[in-house]
Amino acid sequence: MSAPTDAMPRSNRSGWLTPRRTKAILKRVVLYLLLAIVAFFFAGPLYILLSTSFKTMPEIQAGGLMSLPHEPTAQAWVTAWGEACIGITCGGLKGYFGNSMVMAVPAVLISVMIGAINGYALAKWPFPGARFVFAALVAGNFVPFQVVLAPVSVTLRTLGLFGSVEGLILIHVIYGIPITTMLFRNFFLSVPNDLIKAARIDGAGFFWIFFRIVLPLSPSVIVVALILQFTGIWNDFLFAVSFSNPSSAPMTVALNNLVNSNFGVKEYNVHMAATVIAAAPTLILYILLGRYFLRGMTAGAVKG
Amino acid sequence: MRRFLQRHVSQVALSPSLALIAIFLYGFIAYTAAVSTTNSKAFPRFDTFVGLEQYWRLFHTPRWHVAFTNMFLFGGLFLLVTISLGLLIAILIDQRIRAESFFRSIVMYPMAMSFVVTGIIWQWLLNPTLGIEVMMHQLGFESFRLDWLTNPDTVIWALVVAAFWQGCGLVMALFLAGLRGIDEDIWKAAAVDGIPAWRVYVFIVIPMLAPVFLTVVVLLSLSIVRAFDLVVALTNGGPGVSSDLPSVFMFDMAFRRTNLGLSAASAGVMLGTVLAILIPYLYVETRERA
Amino acid sequence: MIDIRISNCNKNYGSLRVLKDINLEIERGEFIVLLGPSGCGKSTLLHIVAGLDRLSSGAIEIGGRDVTDVEPKDRDIAMVFQSYALYPTMSVRSNMEFGLRMRGKPMSEIRPLVEDKARMLHIDHLLDRRPSQLSGGQRQRVAIGRALVRDPKVFLFDEPLSNLDAKLRASMRTEIKKLHQSLGTTAIYVTHDQLEAMTLATRMVVMKAGEIQQVGKPEEVYHRPVNLFVADFLGNPGMNFMKGRLRLEGGRVSADVGAATIPLDGYAFDAAPADGQAVVVGLRPESVQPSTGGEPFALTLKPTLIEHTGSDNLVVLAMGSEEIVGKFPSDMLPTLGEPVAVGFDLARLSVFDAQTERRI
């Protein structure tokens, strides 16, 4: 149907490749070339991380940053996980990975729960001054946390929680309140008020409506909140390095110590393996649930 | 009592959070502000009131000068690079390409990583004996030098590149969303009017994206003031203190140099900078809404 | 003088054929309306004439020049869009100037041109405003002004009035018609609103599923529709359709539609009628009037529903097992349930073959 034939008017006789078409094709080629460069810039480092982690030290020192390992070995990974020396102890990353998990999971769950209730209260059960309360809670999003480091330190010591996992959980929960509250409140604004009114007329109360009506409507925002909080808490360094002991340190601190400590020979392949291990949880979350990631990040961009 | 609780459930539910934030945020800010007016060293001591002397001392500390100016230098470069390239990449991806979600994911995945990880990665890549410099030598460019990490004058670029690598994804995503929101008919009208594509972008599309620019600038600026993890992992403020930033300075003063008063003063300045960015932004936003 | 020639135009999206072998010749100064339901391809055809879309096969000529591979900007056309497509960050003046400035015309020429066209459209007092400060009707005028200023060979309109409310639509319709009368530029106008099509077109092109159903002057298409689809698409309320069979007796033809036998003596058949042929007889409501006693053909029918539109009364009449609608004058109000004498204007009949749906 679309192939030119002799019966067709003159213009199609010039064939398929007209000047306009050529220009369009050239544009596409340049476009994809540029995009390839961009992709190389962003994906390259990850590739290097992975491939170097499977090389042996002599091979690394011989150069060839971009080449695949000649004889891939997982030794670096074993070392990174179980034997690498971080600080004084030489037990690898697994302990610190565990520390991060034990800290992150409760902190994420609790802060998301609190944020959800706060957001629900502010969006669906307004009262005089609610706007002010919202602003007061959400302002915490913009504060540089350096400004509270010292008093938090003092408080934790007073409470006997300094250097403990519980202390870190407490801190992450408290300072997670602004972002989770903002996220949920903005989402709950879009839940129809009539649903709430109907339930109240039927006699339901604050928490019943929350658990039985509002929450079931919110799986997407809950996922976004969980991902946002988990990423923030897992990747956090400032609080981790300020308020932990060598034994209770989360992953980020351990990784930094491993790589940036200045004694001994630098086993680069081990460092790379360790870095991948550290980045793995959030990276996997991103691969699986990428669009929720985006919604979470842009939630910070959309003001209430 | 029960009646009161029932009628004010909402407020009751919010009060623990409000109380916690009141104490741990506003209370602690006040605390730090108070400490910044004392001569505390290793421990906060409110009996050593010295007024604004710590701020005075701060501005006469050479290291702080470096850190503070670095913030603007790094910030300015970072904003310029990330916004222009982020917009450019968004435009490229907006051209109805195949495998669009693939390219989007590739640009955005660094967002998922910790700044520590990013800092470590770029520390290797910029390492003269291991990283890009070696690769270029092996490719034949013998005289290629990438000494950003060891040269105090150019180390700030190391921070910019690493921060761009991580932050570009979000900026691109925001610009892409903005581009997608532009009425298709505008493009058609421009095609019929005979306006070349680049002019459409410069004179029509980019002005239409002004709100996105504003959001991006504010968001990025806030993260610049807070930048800590990246510096520690990438350069640790070095070489020397040439890549120092206010956050690192503050941390050092508090936990290593045991000079809480000075540290608090630096934190106060950081907060002031944040407010200087936020307040005009909020003013503009609320004015537009009204 | 043929201004636009569309030859054997086909457009495919993969295996979907959106336009099938479209052939159309448009003379200078005509106001052609492409009319049809959504998805019929009228917008696609317009975009192809504009150069915003490429044909899969075929050719387009504008002003005698083959423009099949020419960019929109070089085709000497201007276009008005449904969503106005005004550049939001520029003033009305800048919007109207922009295209000319890009072509390198000196400002000394552009300024007076813009002011002149703005005056013509009564928007000269809005020149320094932004689109967001204008009403829908004003924005549409600016969009038209932007097209006028280009002084093109052809105007293309893509459902420009669909976003306006009914009253505004009516007044803008008149303005567009007046503009065309004073400028005389060739125009192609796309709409799904048959009233717009009828009032604006010098010739109408009715389309369905990528094919042209009928091309002709509005009166022609209205009174002599070429198939059931066209007959049904035009007219509000729609044409009455009565199913039946042809009877040839003694050289005379009539249609037996069950409740009545309609004489077809004066009907101009396009093809030879066959006895027993299954047909559909079409008659518009305005041709179903209360009988005054003198008509060649009249029936007594019972009204089952009456709708007062203000200017007429639409009366639903039971005819055997079917219903037809009559458009009575507003002062003739029959009583529900009481039989009333009704006359058919036989000169306005259309007879269609029941199988092919084509007019016979």
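Every chain is named by a letter (A, B and C) in the order it is written, and numbering of its residues begins at 1.
Basically, contacts are C-beta pairs under 8 Å (C-beta built on N, C-alpha and C of every residue); 3 or more make two chains touch, one makes a residue touch a chain.
Remember, it's a predicted structure, so these values are computed and weren't measured experimentally.
A.B. asks: Pick out whichever of the two, A-C or B-C, is joined by more C-beta pairs in contact.
C.D. replies: B-C
A.B. asks: Centre to centre, using CA atoms, which chain is the farthest one from subunit A?
C.D. replies: Between subunit A and the rest, the longest centre separation is with C.
A.B. asks: Centroid of subunit A to centroid of subunit B, CA atoms only: how many Å?
C.D. replies: 16
A.B. asks: As a quick test, compute the distance in whole Å between the mean CA positions of subunit B and subunit C.
C.D. replies: 58
A.B. asks: Report the inter-centroid distance (CA atoms only) between subunit A and subunit C in whole Å.
C.D. replies: Taking the mean C-alpha position of each chain, the two centres sit 56 Å apart.
A.B. asks: Scan subunit C for residues touching two or more other chains and write them down.
C.D. replies: Only 71 qualify.
A.B. asks: Which bits of subunit A are touching subunit B when the two form their complex?
C.D. replies: Against subunit B, the touching part of subunit A is residues 31-32, 34-35, 38-39, 41-43, 45-46, 48-49, 60, 63-66, 114, 117-118, 121-122, 125-127, 130, 133, 136-137, 139-140, 142-155, 174-175, 177-178, 181, 205-207, 231, 234-238, 241-242, 252, 255-256, 259-260, 268, 271-272, 275, 278-279, 282-283, 285-287, 290, 293-294, 297-298, 300-301, 303.
A.B. asks: Which part of subunit B faces subunit A closely enough to touch in the complex?
C.D. replies: Residue list for subunit B touching subunit A: 6, 8-11, 13-14, 16-18, 20-22, 24-29, 31-32, 35, 44, 89, 92-93, 95, 97, 103, 105-117, 120-125, 130-132, 134-135, 137-138, 165, 168, 170, 173-174, 177, 215-216, 219, 222, 225-226, 228-229, 232-233, 236, 246-247, 250-251, 254-255, 260, 263-264, 266-268, 270-271, 274, 278, 285.
A.B. asks: Write out the stretch or stretches of subunit A touching subunit C in their complex.
C.D. replies: Its residues touching subunit C are 1-4, 8-12, 18-21.
A.B. asks: Along subunit C, where are the residues that touch subunit A in the complex?
C.D. replies: 7-8, 10, 12, 17, 56-59, 66, 68-71
A.B. asks: What does subunit B use to touch subunit C in their complex?
C.D. replies: Touch list, subunit B to subunit C: 183, 185-186, 188-189, 191-196, 199, 203-204, 207-208, 210.
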